[in-house]
Every structure is written in C-alpha cells, then in structure tokens.
Amino acid sequence: MKKILKKNLQNLFAAISKETDLFLPVLNSAKNAEFKKWTEGTEYSEELNTVRSAKDFFFPQTENICDFKTSGKNIEIIENSELPENFAVFGVRACDLKSFEVLDNVFLSEPVDSFYKTRRENAVIFTMACNRPKETCFCHTFNINAADPKGDVECFEDETYVYLNPLTQKGKDLLNKVTSALEDETEEPVKKIKAEIEERLKNLPLYNLSAESFGSDKTEEFFNRKEWDELSEACLGCGTCTFVCPTCQCYDIKDFNTGHGVKRFRCWDSCMYSDFTKMSAGQPRTHQKERFRQRFMHKLVYYPTNNNGMFSCVGCGRCLKKCPISMNIVKVIKKLGGTANG
Amino acid sequence: MQRIGVFVCWCGSNIAATVDVKAVAEALKSEPGVVFSTDYQYMCSQAGQDLIKEAIKEHKLTGLVICSCSPRMHENTFRKVAADSGINPYMVEIANIREQCSWVHKDKAIGTEKAIILARAAVAKVHLNTPLTPGESEVTKRALVIGGGIAGIQTALDIADAGYKVDIVETKPTIGGKMAQLDKTFPTLDCAACILTPKMVEVAQNENVRIFSYSEVTEVGGFVGNFTVKIKKKARYVKEDVCTGCGLCTEKCPMKKVPNDFNLGMNNKGAIYIPFAQAVPKVATIDPNYCNMLKNGKCGLCAKVCTAGAIDYTQKDEIIEEKYGAIVAATGYNPISLDKFDEFAYNQSKDVITSLEFERLTNAAGPTNGVLLRPSDLKHPKTIVFVQCVGSRCSADASKGKEYCSKICCMYTAKHAMLTRDKYPDTDVYVFYIDVRTPGKNFDEFYRRAVEEYGVHYIKGMVGKVIPEGDKLIVQGSDLLDNKQLKIEADLVVLAAAIEPDKSARNLATMLTASMDTNDFFTEAHPKLRPVESPTAGIFLSGTCQGPKDIPETVSQAGAAASKVIGLLAKDKLKGNPCVAHSDELMCNGCSSCERVCPYKAITYVDKEFRMPDRTTKVRRVAFVNEAVCQGCGACTVACPSGAMDLKGFKSKQIMAEVDAICK
Amino acid sequence: MQTVTRNQLVEKAKELLNNGTVTRVLGIKKGEFSYDLTPAVFTSAEELEKEFEFNGFAAANFSKYLVKLADGEGKILVFLKPCDSYSFNQLLTEHRFNRENVYAVGIECDGFADYKKIEEEFNDGIKSVEFNGEKIEVTTLYDGKKELAFADYMLERCKNCKTKKIAAFDELLTENSDETKNTRFEEVEKLEAMTPDERYAFWRNELSRCIRCNACRDVCPACTCEKCVFNNPDSGVENKAIQNSFEENMFHIIRAFHVAGRCTDCGECSRVCPQHIPLHLLNRKFIKDINSFYGEYQAGAEVGNRAPLVNYTKEDIEPKDAVGRGSEE
Amino acid sequence: MQVNEFKPKIVAFCCNWCSYAGADLAGNNRLNYPDNVKIIRVPCSCRVNPMFILRAFQRGADGVILCGCHPGDCHYTSGNYYTRRRMALLFSMLEYLGIEKERTRVEWVSAAEGAKFSATMNEFCEQVAALGENKRLEDLRCKQ
Amino acid sequence: MDKLKEQILRTSGVNTLKCMRCGKCSGTCPSYDEMEYHPHQFVYMVEKGEIEPLMKSKSLYKCLSCFACVERCPRNVEPAKIVEAVRLMVIRQQGENHLTANDIPDLLDEDMPQQAIVSAFRKYSK
C-alpha cells in the first residue's frame, strides 16, 4: 500500500504522465466532470460520475475503421492507425470498472473486436473508492462494492491522503516507475475508510433495490408485461440514457464521403432511435414502446441470459440524473420487479 | 450508375484560346461514371450535335455533360439533342466554361483548371439527375373578364374576335364603366358616348361574348387553363330576356326619390330604373332598397304597366358556375372619398364638386342636360376654380390621400377648363396646379391651348382652404410665382380627386391569388417585360386596376391582355416546367410553412390516409403541389423544416453534389 | 415555489374526468426522489390520487406530447403553464394536433427549481428537497439539512421569465397575468459584446461537450418533424454521431435555424441537455434578431400567426446591415 | 507578400434569372474576376438552403456568396425577400458563433450588372483572402 | 451656415426634402399677409441654407402656430415646426428675447385673455 498527500497529487500525475498518457476526471466549465488528459495544472475532480462514462476509453463515441481513398476511378484502402499506445486512467469508480467487464463479454468474445482489445490491453486503470456515494447510486444491487473498487491500482482517499494499492502486474509496474512520488503505508487507514463507506452505502435510499426477479431466461415472464406501455409512454426516443450509460455497447458503422474518398467509421447507436437496426424491410421495432422495452430487457434479461446471469447495468445512476423525462432503470426494476424492491 | 458522356466545346477560339479543351476532355475521362469524353470545335453546330448523337448510341450514354457556353444560350439545343437520341432532356447538364471561364480568365492553365472543376461539378449533378417529364393540362377555351368598363369591353372584344368564348362579369346593371359617365375625352374632345356606346353594342351582339351584368365573382378555384369560377347573378327583379327596355316602368314608378348613382347622386331616379339610355343590356333593374313592392308588398305598378310581363318580384340571386382557361381583371377605379379633406369644404357646400361630377354636369345626358349650372341654386357659375392633386401625391406619413400621381387629372382639368371657356366665355376659370404633367401625344399642345387660346388662368400653387360665404366660395390659395396669397370669390370649385382601385379588387385579388401593391393596384408579373400579366399564371390585367391610366392607354393595355389570353387559349394543352417542387408525403409535417411562402399558391393541403411503419393507418395532413401552378422557385424547399419538400432538377442532393465537386 | 398546488390540479382533473369532459389527463408522475418526475397519462381518479405529482421540479413542457396523444379516444386534459401555452399555440399554427381533442387548463407559474444548481451547492447526495414558500429545504445524505432561497436556484428560463401570460386555455385554474420581464437577452448581449475570437472560443467550449444524444431536439416542441433531416440519409446532413467541431456546429446551427421564428423560448433544450450546454442562447439570438430586424414577434402568441421566416416586407434589413448589428447597439 | 499567395475557394450561388445572367454578361464584356470563384446555378436565391452554405464551408470553401435579383425584381416576385430574411438571420448567427462575417455575403446583381458582378467577386475574394483559410467551419476530413 | 441649417432640421425634426413645392401651406396660412417670408419660403430657404434672413425677419413672430400648414401639408413637411425652430434659435441667443417682462404692461388689454399673454411670453422668451 502506498500513499500520497492529496496536496501532492500533482506530483504523482506528473510522474505518471512521464511514463504514459494519463486521463482523469476534471471539472469542465459547466461544472460537470469529464475525463481529460492530464497536463501541468489539470485539477483532479472528486465528482462521483463523469457525464460520459469511462467506457469511452475503449469504445469511443466515434472511431475510424478505415479509409477508402479514391483518385479518378481507383480506390485505395487505408487501415486505421490511430489506436492509442499505453495510457492510464485515474479515478475510475467501481461501477465503471464493472462496466468494462460487461463490455469485455461482448467485444472480447469471438469474433474479437481488435480495436477494443488493443485499447483494453494498453490501459492501466486506477480506481477510486466512493467516499460519498449519492442517492442515485445503486451499484450494490449488482453486487458491486464501492468500498472495494478493484482495478489495476485501487485507490482510496481521506481528508489528507490518497492511498494506492496496486492489484495487477500492469498496475504494479506503473507504480514502481513512480515510487519517488509515493510513501509507504499500512492497510490500516484504508480499512477504516472501507468500513465508513460500507456503512454509508447501507444508508443509501436505493440500497435495498433488488434485481433478483430478473435475470437469465426470463424473457417470457417480462416481455409481454402491460406495464411497458405506461413506462415508455413519455419516452422521447432520444439517446441520452444510452450515451451516458457505461454498459451500452451498440454501434453503427457508417461511411462519410469526404469528396476524395470515404471514411468508414463506427459510432454509438441507440436502441431508442427510430432507425436503430433499420433494414431494407424497415425497423424490427416500430414503436417507441418496443424500443424502450428492448433497452431494459437487454440490460436485465437478454444480456444475463447470454452471460451467465450477469446484468448489464452497474448502478452508476447516470441515467437517473440525465434522462430528460426522468424515466430510468430503477423505475423499471421497481415497476416490473414487484414490491420487494426497496 | 450513370453512363455519362462529356463533350467539350471549343467555341472556335472563344473557349479553346484560354482553356485547353483536350486536357479538359482527358481529365474528365477519369471521373467515375464518365464513359466517354471528347472535344469539338462547335458542339452546337449540326456536326457537333451529330457527334453527340452518335456517342449516345455508341456508348449507351444515360447522361450528358456539355462544357460550352452559358446554359442560357444552348441548354435547350442540347436538351433537344438528347431527346432526339432517346435520352430524357433533363439528363443534360451544361458546364459554363465560356462566359464564366474562358472569357473572364486570361491564363490558360488557370482557365483549364477551372473548366475541369466546372465540368466535374456538372458530372456530379448528372449522377443524381433523374428523367423529368413536364406535366400537361388541358386548356378550357373560354376567358373571363371581370369588369365591364372600357378595359373589359376592349379585352373581351379582342378575345372574341380571335374566335374564343369570353364572359364579362359587371357588378353594375350595365356595362360601360366610368367612360360611360364622361362627357368629352381629351385631347381630341370626341364625345365619350359616341365612341364607347358602339363598342358596348358590338360586345353585346358578339356571339362569342356573354355579359353577366349586375353580377359578381364569388369564388375562384383551379389554376391556369382550368379555373372554375362561381358568379353570382344578383336578382334584378326583371326578366332580362323579356324586358324590352321601353322604359315605361321607370316613368310610372311612384318612388321618385332614389339618388341617381349614375349621376353621382346629383339628381334622382325611380326605384326601377335603366341607368342611362344606351345601357347594355338595356333592361330595367329594381333597387330593392327603395321599391315599395319589395319592401312591404304594396304598389306593383311597374308590373301592371309592363306590357312584356318582365317584372318578377320573386327573383332570387342565382349562382352560375363556369370553367375558364384565363381570367382578366379589369375592375377599374373610383375617385377617393374626400372626407379627410375638410379644407376644401366638399361636404359643406354643394358647389364644391369632384371632376367626375363636373363631367355629369356638362354631359347632355346629365342632371342639367348639359347646361353648366351649379348644383346649389342652378345658376350659371361665373367664376370656377379647379384644384388639382387633391389627394394625389401625398406622403405616406401624411396619412391621407395617395402617394402616387393619379396621372389623368392634369389632362381632364385642362379639358374641363377649356370646354368651360369655350361654351361660356364670360366665365373666369382658374386652375391651381403644383405641376402640370402632360406626357402623351398632343397632350401638352392641348394644355397650352387651354392657356393660350382659351385664357384659362393657371396658378402655380395650391388651395389652402375653401370658405363658403353666402352664395360664394372664398378660395384661399397661394400663387407661388407671384409670392402672394390669393382669395378668389368663386361660384364653383372643382376638385381633381385622386383615383384609387375599385374596392372590390382587394377581395378579388385574394380569390385569384393575384398579388397587389400597397395601394391595392394589381402587381404585374414583371413591371417592364410582363406588364399585363399577374404573377399568378393565367391571370391578366387590363386597365386602371393595374395603375392609373387614361383611355388610350387602357385600350392598348386591354388589347395586350387580350393577346396574352389568346396566346394561352390557342394552346390545347399547357406544358408545365418539370422542375417543380415535390413533397415527400411520408416526411411532410403538414405545418403549412411551404404554403405560406409559395408566391403562386401552388401548394394545398390534403388529409390522406397513410400506413405507418408500425402497420397502423393514420390520417395525416400533407402538402400537395399543383405542378401546373408551381413555377419552381424553391422557396418552399427551404421553408420546409423536415426537408420533405424538394425541387425536381435542383434537388438538395444535386446542389450539394455540385458544392462538393467545386470545393474538392 | 408554485402557487398552484398539486391538490388543486388533482381536484380539477378529477372533476373533468368525472363530468366526462376528458377521458385522459396529461400530468406528471411521482418519481423515486423529489426531482425525477415523469410526464404521464392518467385515466382514473385513483391513479391521480396515488401518483400525480406537481412540485418545484415539474418543469416539463407538456405541449409536444399532444402531437402523439391528441389522437386518442376522447379529449385529453392538459395543464398549460405560460411556457407550454405558447408551444401549444405554435403547434396548432402548424396543424400538429387537433385542438378539438384537447381540454386545456391554464395554470399560473412561479418558476421551477434547477436541480443541477442545487446539486452543485453540495458535494453530497441529496436525500430530499422540500419546497416551502420562498425557501427550498434540502436534506443531504451526509451533511444534514440546508436551506436555500428558491429565487437563487431557479431554472435559467424561469429567472429570465419572458411572460407569465397564459396564451391558450379553455379554462383558467388561476389568474392570468400580464407580467413580463425583459432580461432574457442579457446573456446574448454579453456574447454579442465579445470579440469574434472570444465568441468562437465560448461556443467551442460549449458545443465541444455535445454528445449528440438528441435530447434537445427530442424534447423541443418545435422539433416535431415526421423525420428529422439529421435522421434522413437523403438529406445530405444526416449523421448519428458528432465526429468533429464542424459537425457540432452544423447540428446546432441547423437545428436553431429550423426552429427560428417557431421557437417559443420555452427553454426545454437547455433544461434537459445532459452536458448543460446553454442551447437557449442560440435560439434567443434568433429571437433577438427577429425582434430587432422585423419587429417584436413571439411565436405562439396567437394561433395562425405567420412566422417571420415565412414572411417578409419590402423594406427588410439587408443581410450586410443585419450581421453584427446586435453587438453595435 | 505571402498573404497574397493564398487563393481562397469561393462558392457563388447565383439565381438563374438575374445574377447568373449578370455573370454571363461579365463574361461577355470580358470583365475579369478571380478563377477561384465557382458559380452554382439555382432557379432563385430562395432555393439556397443554409445547409448548402454550411456544406460549402465543410467541403473546403473559404467564402460563400449568394447572388439574386434585386429586391422587388425577383422573377418569382418574392423569392429574394425570403432569402434576405433567411440570410440576415443565418449570417448573424454565424457571426454570433464567432465565424468571420466577411466569409459570407448576399449581393443583389441584376442581369444588366455584369460590371457589378465582376467587381463584387473581386472585392469578395480579396476580403476572404485577407482572412486566410477557413478554420472555424472546416471539416478536416474533407481536406486533402 | 450649414451648422444653422443642421440645427434647425434637428430641433424641428423636419425633412425639408419631402416638400414638393405645392404651396398649400402658404395657401392656408392665416397670417400670410403679415409675413415677410411665408411658410413655403421658410421650408425652401432652410433647404437652401438661407437661415439668417429668416432669423432677422419679423415673420417669426407673426406665425400664430395654428398648425394649419402642418395639418394640411400633403407631404407631412410641417412648416410651422420650421418656423418654431428658427424662432427658438433666435431667442436662445443672448439678449434676443422677443418679449421681456417689461413689455407686458403695455400689452395688457381688457379683451385679451391673460393666458394668451402668458403663452406668448413663454414662446418668445428664454
């Protein structure tokens, strides 16, 4: 276990930056946190959630796949060579870390997504335990412990110090390169922090929310529930929930005609959009209710069915804050999951 | 994928001197979709056209790009070449490498480079071109003339003479209009009735003309070549086809106190009346506001005296629906109301009259049988003051009167002054003028004669006020040249009131979707080049409804409008411009934005049932473009927020493709 | 704090349901917390009693829902705040729903609270928010109770409320007011006063946060297109994600232009933006320009008004005189 | 003079009836204007969608000019009045976003004003050249 | 010279260019015969910049400000406002009050309403 005085954090960031690009949550002018590359003077923000989740690092909103360059009647294909070398991310919360696991199941199973894989392998993740979880947090529902965030290097903070605990070889290697900035410390202070956090988690309003009634092979039980009408009736069909969600993984592949060729790129898509998975014969889900249902069924039933019961929600609470009409997965779980839900 | 042929014209040395035409043709060969590219000295020549035709055949071309002079020059030539070779003419695009390239650049390298880019842009557009066919619509071979004054009569006669059916709709019981009320006409001083009434008779007797007198247009639908018009024939309580016009009823009618509007209320008539002796149709009309029989069922004298049995107190308004290919507006003018000009005492003294009233006072058929007597005491006026520009040439912010010059007042005032001095040499005649405007054949000579031969006193200045004093009118005005204020003791004051479009024109314009200017004159399609056409296709303008005019001008414009109508009716079918707006109904919101900006009212809305993506059906309000009316400006395409509206031949994608090619 | 109470609305809704005037009620449903309110349709008195909510966070503009809901069986009851009423009229002007199928009850508005501003105040979870007169009582998770002045935590659009006049209604639940305020262009003026470079930097900073989630568009009562140009592959501007600064600019310019003259300035776009981009500043620039170039115009003030961009006068200002005029005034 | 080396790309939208004919007249009279001005013919200035203007900037244009009939002389009677409103608002918005106002222009050029067309293009080119490359509305993907 | 004209145009708010020289103002003026320069001349001379003769003229005090010329001008030129503006320019100069308190007793007259004297005093003095 290492530690560093909070006021000296900049030294640590500087040291890491010497080794590799470092990204960390920073408050922007709208007072929202977003991940930014550290440069001298960049202040770390203790804000719980960044607006966009940390999935951006591995599955960015748009990503070039390849270019087709035309000259006259000839076409030349140019592969994407923009993938990042090594980089480190500081301040990832437990929920976001868990989301990587959700994405891994999709992108790293055959056929492996090579862009995603490269990015995952090149990253060192510093997590941060959540000292002050918010009312919208319900990671506990999905057995995520905000007091025990894991990652390559697990971090904790109290008033004065940040404690760093490397867990993986990648994490240890990187910390070893920056030891000069760090002091040694025992497990004790962290134990105290963890205990405090766990106590706080128990007092959260959504602590008792349970997704137990959902899970693998429950399609028939939930698909035709009449409550979907009511839940979806106000849905605007925008993509906010899917774009702030750390586990949403749908994308579209599009071509952009640059005038002297075509750029083929993929970008996030949203199952809430009316043209989602549109095919020559039209859309399979023609009504907003169906699209809305798709999203939550996927998170709570289809994904678990295909991934040994693992839910594709991590309880980060972003959608609770950001949905323009304040519809969200908690309301869905409560409505469909019965009264036993907190 | 199109198979495009590119043809680069040298235009002799016009293009070839500044553009390396061979290099252009060569460069274009490598453009995607271009399967053939060549150059030739004169592409528009027969040999050049043959070259294109052969290439179309040999290379199975589907689209052509001609790099040549301006499309305004030869676009039609090359479209015809395409059509002759079995390609849709709208698959041709011109790259203007002469006017907009070789002629404005000197350096050959630069000219060549630009020509290649312009050609590429044309290729990019042709890629997205689709075959277009102009819509066709039948032409109803009948014209409608609204207004039966000299303008309407002349237009109708000219149309009828060309062999087409024409209907005149006139709100008054007789045709003839303002001209029928006039005494003499300037500058030749022929009697108005003598030249007008033969025309009235001629039009009445022409078998191609129908006259709907005492009638109004109430509804207009359709579009050029296919108008449907509803005409309300007001009940005149006299059977038009039975009445012989003998006039016995008008003499016997016991109700004698009806103001005679033909004489501008200066005398009275009966409740049953014939406006004037030469009225057409010469039939009696009962004024329901005064007829005792119609008001309270007592009297019935006219029916008793009518030997023909033409009186029918039960007559009702009748609506006639008729189809027309063209409509001419000839609604004419009226003098403005003088209520806002108290200083001239028009409403205080009977002896302050308008010029039109003066016409009636000097007309042999008028209230005084042509003897100039002043209305108040029927004495001969010894001093007459004419005031010009009453209500004309006022600034907009003066909030009374009209901004424009009424154009005819200078001349008729000169005429009045001259005739007065001619007939009554003992009368002193003064004319207050601001400017005397006499452009026109023999006009200024006429005015000079009034001054020089007839001794009319022209005073440069304006009347400030008219004060009735005893049986005199004190006219106080300025003489600017003498720098004096004059006070003239007059017996009669004649005001040259401004003229304005007839009030019915505004309502009519709305029905016709024809535009008007702020003064309610109809606007022309083009002020110089299309002065007798309204911007709305199939609507034509005749006479003062378009702007102040004298009689000769009115008659010539009436003839011009008629010739335009004849040109339209001579066609069996109207071929439209295929580059018209088109709305994608699935994307249309029904918001009416396009409808609001359309200058031609070509867009209407329909409720239509649609099958929605979720397999339900829904009735939606969507825009419908009448292709026969649309002129293809494209205003609607930008007003449409969803992009449902596009313009054929200039689709958004085509224009963007050109942008892309140019900016590359 | 709203003068109109939840109970007043529930009572009115019940009355209109019971006497058969309406079959459905468009309202707001309670959430998990005081602020996460969801628009919903109620069909019975029981539902209303149980789930209807109206508090200082009930800011949603109801009018856009009518495009979808005014097609159903029987009339639907909608409560129109001043803001909603302008959108309501504008949608009617554009024939987007059938007025016959709607029963509108006008309700006065005293402004709504901005949850984001309250949240910013504490680095803490918020357990509950109570509205109490001019005060907001916030119970935090770790720091106990705090009291805030309502006026300081209003939504931007409410702080600069353009008018309290309800422009459309079948019935008024409360008084209609003529109160108007003219502060809403101050921020626009500030921007106009900047140099172009400063303005460019300002907007880059704001628009670069855009994630193209379409929340602004999809909540906007003026954006009711059957198919948005940005979803239409044939439009030439379709795109699903923003790839660079150009696309950020383009999306927001085109969107603002498409609603120019039709935007009622209801402020929903800025309220829902997950990145807190002040989108209203784009729309208000158009409104300010329209007012100064073509005369005061409030979209939705009356049904059938001709929007400035589908209108003209012969004396209109020339573009070269118009551009940059705001900054010179 | 390094600045003068820069040749801006200018897209000129010209209405078919007046301005395009005006450009033709400039050609007839051999009135030079820079070759980097390329004309796109549209039926009326009111056909020009703001999207086309943005598109031009995206694709590499450094300046966009829109030419139509003089107000009151529109072939379609009122098209250019709508253009005038649309462009007044659009250009004002671009300026508000910090995009150089000198890059956009509306000019009324009649079919008789060949000289005006040429002079306008010369002047506009100079004006845009002085600003340099369009950076604020560029799309790097479209640059070679 | 131009300055005087500019000042008169500014204080009067009149656009002399709108005048079409019809003379209706002078035709309507009740004080015409009393005046050296007549209403239309005021407009025309101001337009030409000949202000000084107007300033010296007694005509300034002959105008009754009845506004008949303003009311009847077809071009909305408002000649009386020009007269007023020239008069103001004169009396605003040092010592140029047209009516001083000392003059008042002589003017008193049983038939004249006192209000008229007061308003004349106001109009003709600083």
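Each chain gets a letter, A, B, C, D and E, in the order it is written, and its residues are counted from 1.
Just so we're on the same page, a residue touches a chain if its C-beta (ideal position, glycine included) is under 8 Å from a C-beta of that chain, and two chains touch if they have at least 3 such contacts.
These figures come from a predicted structure and were not determined experimentally.
The chains in contact with subunit A and with subunit E alike are B.
Counting only chains that touch, the fewest steps needed to get from subunit A to subunit D is 1. Farthest from subunit E, judged by the mean position of CA atoms in each chain, is A. Looking at which of B-C and B-E shares more C-beta pairs in contact, the answer is the pair B-E.
Each chain gets a centre from the mean of its Cα atoms; for subunit B and subunit E, those two points are 48 Å apart. For the pair subunit B and subunit D, the distance between mean C-alpha positions equals 35 Å. Centroid to centroid, with C-alpha atoms defining each point, subunit A and subunit B lie 70 Å apart.
Residues of subunit B in contact with at least two other chains: 597, 639, 652, 656, 660, 663-664. For subunit D, residues touching at least two other chains, in rising order: 50-51, 55, 59-60, 78, 82, 86, 141-142. Multi-chain contact residues of subunit A (touching two or more other chains) are listed as 256, 259-260, 274. Chain pairs recorded as touching, per the definition above, are A-B, A-C, A-D, B-C, B-D, B-E, C-D.
Residues of subunit B touching subunit D in their complex: 70-72, 96, 98-101, 103-107, 110-111, 113-114, 117-118, 121, 515, 523, 525-526, 535, 579, 597, 599-600, 631-635, 637-639, 647, 650, 652, 655-656, 658-660, 662-664. By the touch rule above, subunit D contacts subunit B in their complex via residues 9, 11, 16, 20-21, 23-24, 26-28, 30-33, 35, 38-44, 46-52, 55-56, 59-61, 75-79, 82, 86, 118, 142. For subunit A in complex with subunit D, the residues that touch the partner chain are 256, 258-260, 263. Within the complex formed with subunit B, the subunit E residues making contact are 18, 20-29, 32-33, 38, 40-41, 68, 72-76.
The touching residues of subunit D, counted against subunit A in their complex, run 59-60, 141-142, 144.
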